[in-house]
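Chains: A, B, C and D, in written order; residue numbering restarts at 1 for each.
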Amino acid sequence: MRTNKNDFAPTPPMGFNSWDCYGAGINEAQLLAIAAYMREHLLPFGWQYVVCDIQWYEPKARGVHYNKFTELCMDGYSRLIPAENRFPSAAGGKGFRPIADRIHGMGLKFGVHLMRGIPRQAVHANTPTVTPGVTARDIAQSYSVCPWNTDMYGVDPDAPGAQEYYDSVFALFAEWGVDYVKVDDIANTEYKPHAPYSAAREIEMMRRAIDRTGRPIVLSLSPGPAPIDAAFHLKQNANLWRMSGDFWDTPEALDEMFRLCERWYPHVSPGCWPDCDMLPLGVLSMADRDPAMRARKTRFTESEQRMLMTLWCIFRSPLMYGGEATLTDDFTLSLLTNRALLAIDQRSAGNRPLVSNEKEAVWTCLDETGAPVFACFNLTNEARTVVCPHGLAACSATELWTNEAVCLTEGETAIPLAARSCKVFRVSGSEE
Amino acid sequence: MRTNKNDFAPTPPMGFNSWDCYGAGINEAQLLAIAAYMREHLLPFGWQYVVCDIQWYEPKARGVHYNKFTELCMDGYSRLIPAENRFPSAAGGKGFRPIADRIHGMGLKFGVHLMRGIPRQAVHANTPTVTPGVTARDIAQSYSVCPWNTDMYGVDPDAPGAQEYYDSVFALFAEWGVDYVKVDDIANTEYKPHAPYSAAREIEMMRRAIDRTGRPIVLSLSPGPAPIDAAFHLKQNANLWRMSGDFWDTPEALDEMFRLCERWYPHVSPGCWPDCDMLPLGVLSMADRDPAMRARKTRFTESEQRMLMTLWCIFRSPLMYGGEATLTDDFTLSLLTNRALLAIDQRSAGNRPLVSNEKEAVWTCLDETGAPVFACFNLTNEARTVVCPHGLAACSATELWTNEAVCLTEGETAIPLAARSCKVFRVSGSEE
Amino acid sequence: MRTNKNDFAPTPPMGFNSWDCYGAGINEAQLLAIAAYMREHLLPFGWQYVVCDIQWYEPKARGVHYNKFTELCMDGYSRLIPAENRFPSAAGGKGFRPIADRIHGMGLKFGVHLMRGIPRQAVHANTPTVTPGVTARDIAQSYSVCPWNTDMYGVDPDAPGAQEYYDSVFALFAEWGVDYVKVDDIANTEYKPHAPYSAAREIEMMRRAIDRTGRPIVLSLSPGPAPIDAAFHLKQNANLWRMSGDFWDTPEALDEMFRLCERWYPHVSPGCWPDCDMLPLGVLSMADRDPAMRARKTRFTESEQRMLMTLWCIFRSPLMYGGEATLTDDFTLSLLTNRALLAIDQRSAGNRPLVSNEKEAVWTCLDETGAPVFACFNLTNEARTVVCPHGLAACSATELWTNEAVCLTEGETAIPLAARSCKVFRVSGSEE
Amino acid sequence: MRTNKNDFAPTPPMGFNSWDCYGAGINEAQLLAIAAYMREHLLPFGWQYVVCDIQWYEPKARGVHYNKFTELCMDGYSRLIPAENRFPSAAGGKGFRPIADRIHGMGLKFGVHLMRGIPRQAVHANTPTVTPGVTARDIAQSYSVCPWNTDMYGVDPDAPGAQEYYDSVFALFAEWGVDYVKVDDIANTEYKPHAPYSAAREIEMMRRAIDRTGRPIVLSLSPGPAPIDAAFHLKQNANLWRMSGDFWDTPEALDEMFRLCERWYPHVSPGCWPDCDMLPLGVLSMADRDPAMRARKTRFTESEQRMLMTLWCIFRSPLMYGGEATLTDDFTLSLLTNRALLAIDQRSAGNRPLVSNEKEAVWTCLDETGAPVFACFNLTNEARTVVCPHGLAACSATELWTNEAVCLTEGETAIPLAARSCKVFRVSGSEE
């Protein structure tokens, strides 16, 4: 019987990703410290993936600015391997295996980032691939370059040895014990020759490569905006994909996510998770060049942070914490450990918008018990009354951030909301 | 409690529409003869709507070519009324009420077509609307014209009296007993100033107008291609909307519908039906200017006709028979009365493509009993083997066009298909 | 021998146009008063055309807001004729003939505006055209409407009688003694079905219609932006055409004109004049709805007004004064009567930019004596030094706005310019 | 006094280019043999440039297919130098100097091709540039790659050392004695990030670099289509630039050139030559992979070859012979040595189309004596009569391909033309 990639991520993946706090520069000690924090404080709530983001193979990487054309660590088959100065346990050709073992030992799962393609360094040095007689030069798509990073050329899907190269990369990941791969420079349509969605065939090669490993590695595609016309292809091949460009902590980006969720929600299904991107909460940008910005707190207000968590959960987005987890403050922790909200993210049904415009949004779903949930959002900078529809008789309900009991009357209830805030109600004592 | 427009069409509407056979020119006798045929042969299978298509208010209408700027029949409030020379029972201001009564008396439902807007004739004659002091001139959007028909100007949603005008139009329809309105020149984005989706606010006015009638009139929008970015808005306001331009009996149009279904299927839900357009089956084009084309048979092969019916049903499209129903031959009737296929259209779940490319397609769903259904299509002009996946143990299945028993083996079964043909299997004796 | 339309406007037309001061509402008395002023003060400097802009056929026209679908004055052949309440001398079917005679009697020439197409009023009333058996309805292009005015439908170039209709319109103009026609809704590509440049064939019909009158009527096309890809077609058919949308007195519009001139200058040639649009100088907007804006002075600073006149002249644009001429103040008059600048507009050669970027521009030409001219512009809001190249030995030069003698040194001279200002030098005592 | 790049090419450059016959693979012996032929047979007619096209620095280059990521010959400052196996005289660091000397000794001028940018090989090897402390890596624009060749990265105009690099490249060319540089991957807008016209600033760097050499090197930009909106910038910086993609010997390409000439002709001026591309005449494709295509004759009929030469000349295009010159047959030679046509290319005025549509074209100019010239083209596959306008009294004229005397009557003359043919008349005995 065939492997079904949808089984690899039956619910939206939850975990930590290092980009928002360390950019390209996290090291082994930092990663393991965060893993330890995760095990202690977040794993009990379902946060299981620890994902090491971009350029773990770049010895001098630091922060979010890449060194152009810099030397990368590769093995003899033109595959990237961890930089030992940053990940000492990788010494002796062990790769990420020791770190994966440590993380697995904590009950967590381990993820890595991968740039689409083959290192330009390999191509210009014309190094071998696993396929005898095929060198890096032979399989590179010469004009297929990332607009913001110089590490890779795309792989030409028509070149003999191309599939084998990707097979070898994912086989190495499987050998290391990788559970999750975030592939980058692949799901949007900007800057590419022969766009739109020019990397479609590289996505297919990766799908095959993963299936051939026999390991249920989750496949995540970045960045967006992924083209909605390609939704079927994305669902056939990947487990999650980004709906937007990089999401950071600005009101405009949060508002835009409402619009994107409105478009993509019908495509949410087990194993297929349109991705709102990482949660820029807590302490971010640990290595920013600007000292004033370094180790800064999220710019979102507390109220906006609740809006964000509510939207991500009721949309059923993957949840990847972007803050330096070991520095998590109590408020942030309260966001990440709201069991009622997390249950909605992981186990609700019928999730959809009822209202969605530039000023307000109302989303609904049924929670795991079948209880109706309504989330009401005020996107404006003034207080606003949002009408929450409810199709049944008078009932008692609970607001899930405050645990207050409220009454949603028959038909509609006018919900007063402060500027840029939300309330989310679970109806009890009645059924839709 | 609020009206919920989704209740007006809980399953995909099924019925007859006069465009494919009579263009703009059907008359009362023809319509009632078709209704009588429907009652006798098709109503028992669920075909219930009898829809009179465009220009029932145009005395000289005939076929598919419109008379430019011709005189239209209007009442004193700038509303269109049936041309009495074509619909004699409308005499004496009775409008479509007598015909609706006749059709209702047969157990059928009655639908009419409506061009978006207000008659240009009313605007240039500056006739009254129901709103005192507001004339047709005041509410017309002067630059909003249909590219292919001269009857109307769009209605300016910001004009005082605009909503009242649409209210009055739908109130008249309700008074007549209309159950279904196919609004035209409204859901695509071509040719319009300030496109895309420039008619969004007219759709909203119509939604309000229908809800104010208190009558559960189904709202259908034409033509497409409706923009997929507007899916949420369409689902909020309409019951069905076209995914394509006019569908006629060509292989290219059929192939294109597979691509459109692949994009739109996640938006199919009760009360919200992306529409594959009418079924150009049986005898068509009764008034074609070219005698050789007049009263012609569909150009689709029998095999393609089964492909069409299979796709429409497994996608859950509305089903509107376009042929001259009274001339229906046995083969066509067999297509329209395949209870198994129709049940899939009306009462299946989980409908989605498993494979969708230029050469082949496989769709699946669960029928009303929970039995898995697989439809395999060969889109090429050569014989082809299509792999039908099945997730369970060996089982017996039935091909729904031939009633042949077949065995789908565990995992995958290679299905041989003749050029441009399909097979559709319902699995029995096992569950997914 | 064939008529050559280029002979109709061998130099850029100069005159007055009523739009900027009276919008659609000028009347006979106002027009003749302006003509009298022109004869007295501006004709000696070459300003010869007096052009009555849009809707002289609309009895209730006033200012720049059109009455939607209002009644227009037409003759028995669906042609527009002057509204007698505004142009009393037109009574008795005399049309514009009496006014043209008066204006010709002053030594001036007379121009009128024309909307592309045939009156919608004629189409909906189905009135005759000059062609027996052909009515307005027969020749209207039903979907071809202006986005900002409801007067007309486009004329279908494939309809029998279409050319004859335009022939009849221009024959009437010729009969009246019209010397110049500004056709509107014709040269840009916005809002039109089947754009770009969708009105190309209507332009050709007008070209033929004018040539058939035997009268050398200048043909001006509005509004822009005319598509530069259509330059050859425009030059084959028209005498002037707009490079931009309506030009008003804002710094942004002035800056944009530099960019447009940079693109279009190679197309300037006798009889073919890309048009910078009217000069919004002096007193404007005589009938503005906002009393505070009514009869307002141009918003351009004096320095910007000189920039404008300099650019228009060294580019060789048509010059159409838009202010209420009878209220012309001394400064404005000085702009309009600078003989040196006007001579450059009318009789220079080799006009081209030497520098053209967002901060500065330098244009050059040879004046009618062969003397090199250099115009240096500072487009920024700070003082700036602009390098004026000069290919010859040290020389004396004259600044043409101040008549100051200056010395342009060999090679290059750094010209200090105040914020948003210009200087224009004519080199004397040497030749390029 | 400043250098004026327009003086470097006061008339359209004429010469030979190696691409059409040898692709990337010409060698020293072939080049010098062609130069010898040029001196003997074509130099007396004005053909003076001998241009070595792409990849003279690639040891294994052959034909029109590039070796991906192959090793290139560079000097110590990351500059390309000739491959000695192909150009033996370059040994000992002498570069193209010996070949240039030989060619200059024949009275000819020497041109080379250059890919925009800096070799990727230099970037990945991080080799020095002339600027101390600046390596190839520092100045490469990482995402700026050619879609069809892997040799180079673009140069980042904002990088310190970028201008110096281009300065060093052109200084080396000047040292070698190069008279003409055809820069490639630079004038079109396809495939580039941040298009349109994304290489504008690299063009400016090259302009500066050439001016700093003090040598009047002609700058040619390829491929097109160059964007017409950038015409001013092109004229400011280059001597010639391509209006189209690569021109080969197909009827469609020839027809398209008429449309491009119609758009670009107003931009033709001394030193600024929109380029119709090389003349694919005589014997082409000496190294085609397909033996049947190798050393093939041009596919143009003789009549089409005359059309081509006529259009190129009356438009005043650069003329670069693309055939293997030493194999030139008599007919081809007759095309290249028609003194009357060549004089029109080099020394005519007022060149412009009078008619230009899909079926026919008429172009006119005044030759060096002031005699009117008319070229009439039939673009269709049937015989056709084309009207040749002539503004003067009856006259005698000469057809310039046949030397036949003909009479062009007053006003217009109907010229019968065979399918896909042209006639070109010089009027004698009268003046326009």
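In this text, a residue touches a chain if its C-beta (ideal position, glycine included) is under 8 Å from a C-beta of that chain, and two chains touch if they have at least 3 such contacts.
Here the structure is a predicted model, which is why all the values come from computation and not from measurement.
Student: Enumerate, in label order, the chains that touch chain C and chain D alike.
Tutor: In this structure, no chain contacts chain D and also chain C.
Student: How many angstrom between the C-alpha centroids of chain D and chain A?
Tutor: Using C-alpha averages as centres, the distance is 51 Å.
Student: In whole angstrom, how far does the Cα centroid of chain B sit from the Cα centroid of chain D?
Tutor: Centre-to-centre distance between chain B and chain D: 58 Å.
Student: Can you list the residues of chain C that touch 2 or more other chains?
Tutor: There are none in chain C.
Student: Every pair of chains that touch: which are they?
Tutor: A-B, A-D, B-C, C-D
Student: Over in the complex, which chain D residues touch chain A? Could you list them?
Tutor: 68-69, 120-121, 123-126, 137-138, 140, 142-143, 145-150, 191, 193
Student: So in the complex, the part of chain A that touches chain B is made up of which residues?
Tutor: Residue positions touching the partner: 1-2, 228-229, 231-232, 262-263, 266-267, 353, 356, 389, 391, 410-412.
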